[in-house]
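Presented sequentially are two complexes of subunit A, the first with subunit B as partner and the second with subunit C.
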Partner chain A sequence: MGRAHTLRDIAIGCLVVAVLAAIPWMLPGKAFQDFVIRCASMALFATSLNLLVGYTGLSSFGHGLFYGLGTYSFALLMQKTTVSLPLAFLLTLLISAATAVVVGAICIRLRLIYFAFVTLAMQMLAHSVIISWVGLTGGDQGLQGGIPRRVVAGIDLGNQYNLYVFSAAMLVIGLLLMRHIVATTFGTSLRMIRDNETRAAFLGISVWRVKLTVFVLAAVFASAGGMVMSLFVSGAYPELINWPISGDAIFAIVMGGVGSFLGPTVGTMILLLLNDVVTRQTEYYGLALGIIILLFALGLRRGVLDFVTERLGGRPAGGIH
Partner chain B sequence: MLQITGLTKRFGGISAISDVTMTFNPGTLTAVIGPNGAGKSTFFNLISGAFRPDAGEVLFKGENITGMNRAAIVRRGIGRAFQVASFFPSMTVAENLMAAIAAHRGQWADLNHRFPRQGVRARALEVAEMLGLQDSAGVLSANLSHGDQKLLDIAVALALEPSMLLLDEPTAGMGPEERWRMIEKVQRLWQVQNLTLAFIEHDMDIVFGIASSIRVLCYGRVLAEGTPAEIRANPAVIEAYLGTPDAEDDL
Partner chain C sequence: MDLDALLDCVTTSSCVVTQTVSGLIVGMLLFLVAAGLTLIFGVLKIVNFAHGTFYMLGAYLAYSVFVGTGSYVLGVLAGGAGMAVFGVVFERFLIRRVYGANVLMQLLICYAVVLICDDLVKIVWGPDFRAMGMPPEFQVPPFFIAGGVVPPFYLVLIAVTLLIGGALGLGLGLTRVGKTIRAAAINPDMVSALGINTTLLYSMVFAVGGMLAGLAGGLAAPVRSLTPGMGFSILIESFIVTVIGGMGSIAGALIAAVVLGLIRSFGTIGFPLFTEGLMYIAMIIILVVKPSGLFGKEIV
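Showing the complex of A and B:
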């Protein structure tokens, strides 16, 4: 039964990539492709944060550290060394994982609000280092000079359409892997810890080991999202590692729904659509976004996808109450 | 089964449990009674590893388990249920039990296989049936009645296949009828599963109705122990806790 579920998920994933790959033949123009690439990057990031917030009950406010670290370490590896793109990709995942082990070991034992603020402080620290180390990172100008050697298996990602299909595939692969993680017994341990940490410990679960593992896994997926963004913007910018980026991911989760696996992906689409529409109309983007978030929080009292699932009689996987 | 010698626990300067020595024999159904603040819950917390004792020794099946952590003690076969039902509210009854069984089988860090792995669901339904929860298997546990939540708490403990079970006030917060339904289930469980069972209880009708032996705690010390008949006739217990028959009638 478990295998059938996995195969079904993979089939759906392939179908989604195929459909997305076909769309530009019917809908020419760059705007849609740009939108999907940004969505892919941000949705990987937001879904990885939801592994912590929604599934484990760990409210990290500094998850953008790993997203930004993904953009910078990938761009730097491509610019300063001669490694191939796939190798730079893997090395970046390793760097993020190693960083997450250290940051996680410091933060994981802290409770609720302290955890939130120390993770936030970690991200602000990383941001300061990026801004100050002008020689390496370009400081507040960002890392310029583009990304050379953008070739994966003979496919040139310098081509917009290729990057678009690559990003969609990255998103689907990332979502499938995270979907698998939450469906395993380890995924169940996450929910047990969120629901009742004491009882989970009484059942023999090593709570801190589970928390540290999920913290590292989430960091790895966030940095994968960061690398997609780095390819899109051809470099890295301090905004991509500054703390508001973590806020964007939290908005995406809240609007899409903490209790549904695809909630953060739906939320990301809403957030980016709002961003594009509202910034075209007014400069008061923050005000408009704030009002919309309030409508979600006070009106629906849950994300869009949680709302729909409940209406259809289903049960969202739970969330922050 | 369980031998406790000189167990002591202090919080600040106050002794919650002082120099408690008692034995729980295999297959007994023991009631632990005493006035509020007598240290009954602390006593269970010490046995199950939630607190570390300051002095004394706990032997379980001849093994010294003093100062071991919760998980290690659970693995050795002492399960417990809580005064306030403790379970996983976002999960159904069956999921609660499957999660406990998977954790007990050491699968909690498994990132390869989907949950639940083979055999876990069947075992969960078996456990649910022991407490008559089989018809609620698909119900979200947060939506269960108070009584069924207490049963689920016990079922989660049973999922770990304990040989000894500690129940902290299984009938807390229940009406008179619901109490008896609960206690009949506990009694049947004790008989059918061949458990050694200890429970904290305030309702004296229940205590004298089902317990095979009784321990009375008062101010953290053992005031008396014996069969229900012996306890009922014990002057110290009557003085401190039960009251005289006349006083009881006045209430």
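Showing the complex of A and C:
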């Protein structure tokens, strides 16, 4: 992908943010803004997971660890220290990266199903620590008390509209960065490892180092998504680091399509829309969602966006089918 | 953290007995669920994420039959038989379609089944806790062993699960079907080429796995409260058991289940809020030291 493509992507990104920023002037009401904020947080998280699953072939079940870590580190830094919001943001990214180096070093030498379970165990371990360390984290009540000092460069993120534009911008910046990562030679190494690890090693790629690097990068983006959520809910809650959060991300990328860069974002929108529509219609959310998943999974057997690209372009989407 | 309480407990015989027995029943129930899980994985290379649902449905089925007929034995058998049938249906109509597909697709299918069954249970049995209570034949005074209280039902439960585990081990080791199943775990193409109906074999493996989980559910019903989400926690724990024991190894599952049960029962005294954390730590340590689990084969 050349410079022209990069510029085109950046232009599209700016356009998306501009359009989103304009929408509330025509469509007042908080529901849409809430939806976009949640979507931005979750889509960052899901796309970062797809760096592992779709691009590298690392099926992590515990990626929610870094999402939850993002919410907790950020909220704790804001509450217990006096650092400014941007600094807390950067520190949180660093904390996540450092944690990911340790967790990744332990996990990535395991294969397939074992990798999946150890990552899940790591996440559940973090969840147990948060539940039991009541003094610091508030235990199962979550971290309450709100997030102070939300004004950044004169913009008050406590204001719903500002937070909404901020989240949209975060999503677009995150997606552009990840898009750039998969387009570099490093991204090519990832796909090569996914398709044939032995050959990649023979060609001189340091498989272990590349895997660890992408694990850390994915963790950083996931925690950025977590911070958006932390600002949205004004705190951090154990549900944000519990296993279903990883389940949601897996659901989003499989539904949206692991072979398309925007698949996880589309999947996130489907998931949140389903969530909102179904919970309004029936108390049996699981029943309805389960049936829809079965229809999708058994009918399409691939993500929505992969299905569409295959139909339109005749190009079989890459990925892990 | 309460290390003094833990120290007090391990130095008192009554506490040791009580906690060991309660750890053993947790372990034995886990073993039944994990044995099915590991069997299915060993033969079909499928991780059945819906296995906890089998356990839950088995428990509810046993509960209803017990309430209807008054016979606990009948209830447990119904739980086992019902889940054997459910396992076959599940394999035939859902899982068979995603053999060879990505593990995440299999996960998604199972996740859907879990969601559906949890809600169906809510519709049929209501969203609240249900308690079966101790069946009348076991409402007898407890034994006292070295000062520790041991309800007779616990001993029956341990004996029955050991019996089932033994039958499973012998069945797999000595009978013709068992040998075929083991052969299919090693090389399904060869087994199929020898004229054995592997399609039928796979259904059978799911039937056995479902039956074990259903029996576990029925056996657990008197000592556990029944809730629509009860499948999940046992699922996570039985995964830990299969992973620690080595995926595909039934002996490994037994040992890991007992160890985990004991960690649980003694852990609740020393680390009341961190019991689950202990189990995860155990799993991480085992996998880091021996990535294929205690008894797993070195193929990955």
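Things to note:
As a convention for this text, the second predicted complex is superposed on the first by the 317 of 321 C-alpha atoms of A that agree within 3 Å, B and C clash if a C-alpha of one lies under 4 Å from a C-alpha of the other, contacts with A are read in each partner's own complex, and residues count from 1 in each chain.
By our rule, contacts are C-beta pairs under 8 Å (C-beta built on N, C-alpha and C of every residue); 3 or more make two chains touch, one makes a residue touch a chain.
A quick note: this is a predicted structure, and the numbers were derived from the prediction, not measured.
Residue contacts after overlaying the shared chain place A:Gly154 against neither subunit B nor subunit C. Touch criterion met: A:His5 reaches subunit B, while subunit C stays clear of it.
In the superposition on chain A, A:Met192 makes contact with subunit B only, not with subunit C. When both complexes are overlaid on chain A, the residue A:Phe117 reaches subunit C alone and has no touch with subunit B.
Contacts of A:Tyr284 after superposition: subunit C is touched, whereas subunit B is not reached.
Of the two partner chains, subunit C is the only one touched by A:Ser132; subunit B is not. When both complexes are overlaid on chain A, the residue A:Thr184 reaches subunit B alone and has no touch with subunit C.
In the superposition on chain A, A:Gly29 contacts neither subunit B nor subunit C. Looking at the superposed arrangement, the partner reaching more residues of subunit A, out of subunit B and subunit C, is C. The intersection of subunit A residues touching subunit B with those touching subunit C, taken from the two complexes, is empty. Of all the residues in subunit C, the ones that touch subunit A in their complex are 47, 94, 97-98, 101-105, 107-109, 111-116, 118-120, 122-123, 236, 239-240, 243, 247, 271, 273-274, 276-277, 280-281, 283-284, 287-288, 291-292, 300. Interface of subunit B with subunit A (complex): residues 48, 70-71, 74-75, 80, 86-91, 95, 98-100, 102-104, 106-117, 140, 156, 160.
Residues of subunit A that touch subunit B in their complex: 2, 5-6, 180-181, 183-189, 191-192, 194-196, 198-206, 209-210, 213, 315, 317-318.
Residue ranges of subunit A in contact with subunit C, taken from their complex: 53, 59, 61, 106, 109-114, 116-118, 121-122, 124-125, 128-129, 131-132, 134, 139, 243, 247, 250-251, 253-255, 258, 284-287, 289-291, 293-294, 297-298, 301, 320-321.
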